[in-house]
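The following pair of complexes shares a single chain, chain A, combined with chain B in the former and chain C in the latter.
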Partner chain A sequence: MSRAELFRTYMEAVFDTDKAAAFAAVRAALEEGMTPEQIVFELVVPATEDTMSAITKDPDANLAQHFMTAQIASEVTEWMLERFSQPPEVLGRVVIGTSSGDLHSLGKRIVSGCLKSLMVDVIDLGVNVSAEQFVEAALKHEAQVIAISSMMVHTATGENGCMKVRKLIQSQGLEGQFRVIVGGAPFRFDEELYRKIGADAWAADGISAGKVITDLIREVKP
Partner chain B sequence: MTPLEILTAAATGQPAPRIPVFCNLLDQGARELGLTQKDYYAKGEHVAEGQLRMRERYGHDNVWSLLYVGKEAELLGCQEILYSEEGAPNVADFVIKSLDDIARLEIPEDISSHPAWSETAQCLRILKREVGATHPICAYITSSTALPAMLMGMEAWMQLLLMGPEDLRDELLRKCALFFQREVAAYRAAGANVLIYSTPFGCPAFVGMKRFRELILPWMKVDLLPGGVEGIVYYCGMAPFNAVIEQVQQELGIGAYYISPLADLAEAKATIGQKGLTCGVIDDIQMIHWTPEQTRAEVRRLCGIGMGGGRFLFGTGVMPQAIPEANIRAMVEEALGFGSYS
Partner chain C sequence: MANLRVGTSKGQHWLTVDGAQSVREALAETEARVPTACGGVGTCGACVVRVVSGQTNPPTAAECRKLSGEELARGLRLACQLRVGGDAEIEVEQGEKASSWASIPLEELPPGPGLRSAAGAARYGVAVDLGTTRIRVSLWDLAQGRRIASRSGPNPQEVFGADVLNRVSTAVNYPHRRPELTDLARGAILQAIGDILAQELGDSGVPPAELGRIVVVGNTAMLALLTGAGLPALLDPTQWQRAIEVSPMDPSAWQAEWHLGRAEILLPAPLAGFVGSDLLAAVVGTGLLEGPPGSLLVDVGTNTELALWDGSVLHVSSVPGGPAFEGAGLRFGAPAGPGAIAHVLPCPEGEGFICETFGGLPARGFCGSGLVDAVALLLGAGLLKPSGRFSRPAGPGGHPLDPAIPQSALSAGDVDTFQRAKAAQASAMEELLELAGLGWRDLRRLCVCGAFGRSLHVGHAQAVGLLPQVEEQRIELHGHAALVGCEWALLATDANAVLAAVASRARLVNLSLIPDWEDRYMAHLRLGPIPLESCRRVSP
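And now, the complex of A and B:
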């Protein structure tokens, strides 16, 4: 199978959320002599980017597809990373969690899976994360982006969520060091809501968050 | 006509002086009574009192018997709820912590005698006594395909739903459908007459059309067909579902549809037509930052789309606590006034 055919087969499998077919395509690539590094950087990363773009434009795209796409991409990436001859260079680093008082972790998982397959180092802070924890972790891990997921209106707009993260960044003189992105259902109902709570960006879904976050990393990273 | 009669007229296509105007002011009741959320939700009488005061103040048509959504998880063994003074309580203890717990999950034989039902029952007793003859009493009941998210977390449920093992997935769905059937019967027996069927997986934006047809629709039939669809309102947790309305009408026979603010209301109304009640729902997340005039304008826009031909209800979505009181007042006033047929 040619590289172009392998790419198309893998891409279709990811888009169709067919995990078995995606893994079969990767196995075929290994048998064709591609190295794990080539598979990640020439197959998985471009296919994830293309899939993100296609899903974002597809009016019939759905949450299940986002979940499965991110799951497949991150599992394939982890499988290949174990076989790398040396640790890969990462694009950047993100600390991610759900906002204070919010226990809904699905969006965070989709975003994390997507980012891992784009060679972004993801520090997962879990659920119900305080503003202080977000900022401390971003400093400790030298992250470029703080990603805050909120599924409930009061955790998205409340004083202990993104608004407090912004206040801490300002009071500690850290403006310019981090970008803050938010996501979750409330932001779909008011596309300007992210500005009102002090975020730099938002994403409508977990898959498009991958693209927005990598753009934010490039803004910050020298 | 009483609000209950106005609702019945709208649902059946009979003449009425105005549209029904529904509003869900749930957490606002605690502030009204000067209680913390935890203390407020500890007693059904607090919730009933909060509902009656909210209705008295704003003049909308309905009252709610819902304490908080996590009550359903408590009926199935949840031991911890996370309260917030800013919004709705969250389930903080998952009943299903590993797939082995699915076999151990027990569905109460008689929900009305379960200790976790007692405050809901008390709330319903008061609401029924005070306004049951004149006003609709709403209940919120989670579908079998959505309830597992509350029992094991959305992340774990999506994984089981989409990746299996299928036998465990189906065992959990069977138990959740049985719970739904018993819960809806308990609500009806206690006097609730508007039953919000919360089925977020019943919208294509969650699972796509193929999975909707092959996986979700059959389980919705298991939920609903034994007890019938009297009083049932199709609701997908504020997600748009226009693409499935026709199929839901044909296969489930549901008569009322709570349309997402993100959906095309005109398209929904055209699809539902005279076969059911179209509920036009305001984007109440934007109401946090709107002025009263912007709120009134949006009410007029929705009513302008939906009122023609009757069979229309004006409703709200999640009504966050952060909405200014002036906007709530403006919304209800405008819906009652502009929603007049005279």
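And now, the complex of A and C:
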């Protein structure tokens, strides 16, 4: 199979959210002699970007498709990363979690999947993460970005969520060191909400989060 | 401040509103309340109103997602997004409201425990299943052990959000609204009882003072909203696995308010924040613990609760599936009741589909069972792909199952909502089986209770991956299991003990703390039969 055919087969599988077919295409690519590095950078990343932009433009596209696509991309990337000949060079590091009082973990998971396939190191702090945990983990892991997911209005705007993370960053003199990004349903319905709670940015979905976060990393890490 | 004139089928309302308030919020204070499934953030599209005249804000991004250009041109708007800049007039089309109490068909209820109550002197008792979406009530002659009548109707709290957490956060964050929520639920229960007393027994019937015992089961949030106790704990996830005290703060005031001087009002304790006494009652109502190991009960709803009996332990969990199966959160959705599309059938000759509604009334939209039929038939016909994408773009009106009925249209967003709800339910069932060391093939009984009632087409549910493809006789559809279990408690000497016996066998599982569950959820998002060999990650 030619590279172009491999790409098309993989693309179709991802667009149809058919994980088994996507894995089969990757296996075929390995058999054709592509290296895991080539598979990630020449197949997975471009296909993810293409599918994501197709999904974003498609008026019929839905969240379930978005979830499944991100899931396939992150599983294939993880599989290939294990086979890299050298540890991959990462773009930067993000600590991510859901805000205090919030157990909705799926949005965070999608963002993590997209970030991984863009070669960003992700430290997942889980659900119901306190503001202190966010800041401590960001310091400990030398992350550039703190990403906070909130799916309910009261956890997005609550005093123990992003607002407190911002306060801790200010009181510990860490302003230049971290950027804070938020995401989740409440921010889609009030596009200025992220400012009111002290975040530097927000993103509407996993794909745009990938782009915004890589930009934020570059701001902090020249 | 501006004047807002509101036209409904039942008359006119005049309100004063300020520009900061959404029209939905303004209407919530009146009789002309509009439904909402999302709590007013513009995601469910349930609160459609029509602007007749006046100055309003331009349609928001949320409205452009939910309404077509043609609908916006006709003046249709979402009340939760709509704000008025001066005097204005709108029209609200109201569906069936709280007063629509219907008898539960006799064939849907088993004869009952066959017990004569020893519970005291009073002759009559009432069992109540306080559901998020529906309230079910039955009146019993305790002395004879006989069910006199039953009623089922919508929970009027729906206007505060189909999602229970939206209602709870309203009650916690706006304490002045709390009595309103409490009153709505209490009022509705009382109304159902009153309806039975008036309709079934006439003037010679039972005065409310003759009621000796009222047993109420429900999910924990509904019980907390009913009594006003335990609400803040429900918003704190660290409390969800603990028992939450929801007993009424002042039962005597409640008795007085209901003019039920002698009635003992019992709320058997729910298991935890996310598992209510309704699940315990449904376990009793289906006789789950008397069944073989591998008996699984699924109570389908906005919050789907599950209980798996492995012969010694009852593994219990819950999963927020979303309100799709209750007909909310869809472009054209309707609670299972008159006018809801209950079944979709392929046309006997040629192409196309026939939509059957409850009561044969003009279609208002899909309820859960109709939604499952629609998705399964479109998938089977190749019009819908396993990814959830239509094979041809559906267009702004969605994909109508019957082109003559606009309300039979399914939109891409509806399919998405369905996929996420069914993935949540299927992955929760699978995770629970796995935790008990069982697989799909070990299922001996699968009791499906809740939103689908007895209308679910099992074959269709299997074809889309909502239920596993085990032999059909192992799958039981129960219309009112929680009410039946509540009746057992009502007739027992010690009502609380009946449910406490179930609780003592239960082991709580919080799925959101099991990382593996998310993988399963992702795998179940696709439309298609569930692979019976447990579908773990496809290994490379």
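One rule holds in what follows: the second predicted complex is superposed on the first by the 222 of 222 C-alpha atoms of A that agree within 3 Å, B and C clash if a C-alpha of one lies under 4 Å from a C-alpha of the other, contacts with A are read in each partner's own complex, and residues count from 1 in each chain.
By definition in this document, a contact is a pair of C-beta atoms (placed from the backbone, for glycine too) under 8 Å apart; a residue touches a chain by one contact, two chains touch by 3 or more.
Everything quoted here is computed from the prediction, not taken from an experiment.
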| item | value |
| --- | --- |
| Fit or clash between chain C and chain B when superposed on chain A | clash |
| Contacts of A:S112 with chain B and chain C, given as first, second, both or neither | neither |
| Chain B versus chain C as contact partner of A:K19, first or second or both or neither | both |
| First, second, both or neither for A:M68, with chain B first and chain C second | both |
| First (chain B), second (chain C), both or neither touched by A:L103 | both |
| Partner chain in contact with A:T51 - chain B first, chain C second, else both or neither | neither |
| Partner chain(s) touched by A:A185 [first = chain B, second = chain C, both, neither] | both |
| Chain B versus chain C as contact partner of A:T214, first or second or both or neither | neither |
| Contacts of A:S150 with chain B and chain C, given as first, second, both or neither | neither |
| Partner chain(s) touched by A:K196 [first = chain B, second = chain C, both, neither] | first |
| Contact residues common to both interfaces of chain A (with chain B and with chain C) | 17, 19, 60, 62-65, 67-68, 71, 101-106, 109, 128, 152-154, 185-186, 188-189 |
| Interface residues, chain C side, partner chain A - complex | 39, 41-43, 62, 165, 169, 173, 235-238, 240, 385-390, 393-394, 412-413, 415-416, 419-420, 423, 512-513, 518, 521-523, 525-526, 537-538, 540 |
| Residue numbers on chain B that touch chain A, as the complex places them | 82, 84, 86-88, 90-92, 153-155, 158-159, 161-163, 204-209, 211, 238, 261-262, 283, 285-286, 288-289, 318, 320-322 |
| Complex contacts: residues of chain A adjacent to chain C | 15-20, 23, 26-27, 58-65, 67-68, 71, 75, 79, 101-106, 109, 127-128, 152-154, 185-186, 188-189 |
| Touching residues on chain A, where the partner in the complex is chain B | 17, 19, 60, 62-65, 67-68, 71, 101-106, 109, 128, 152-155, 157-159, 185-186, 188-190, 193, 196 |
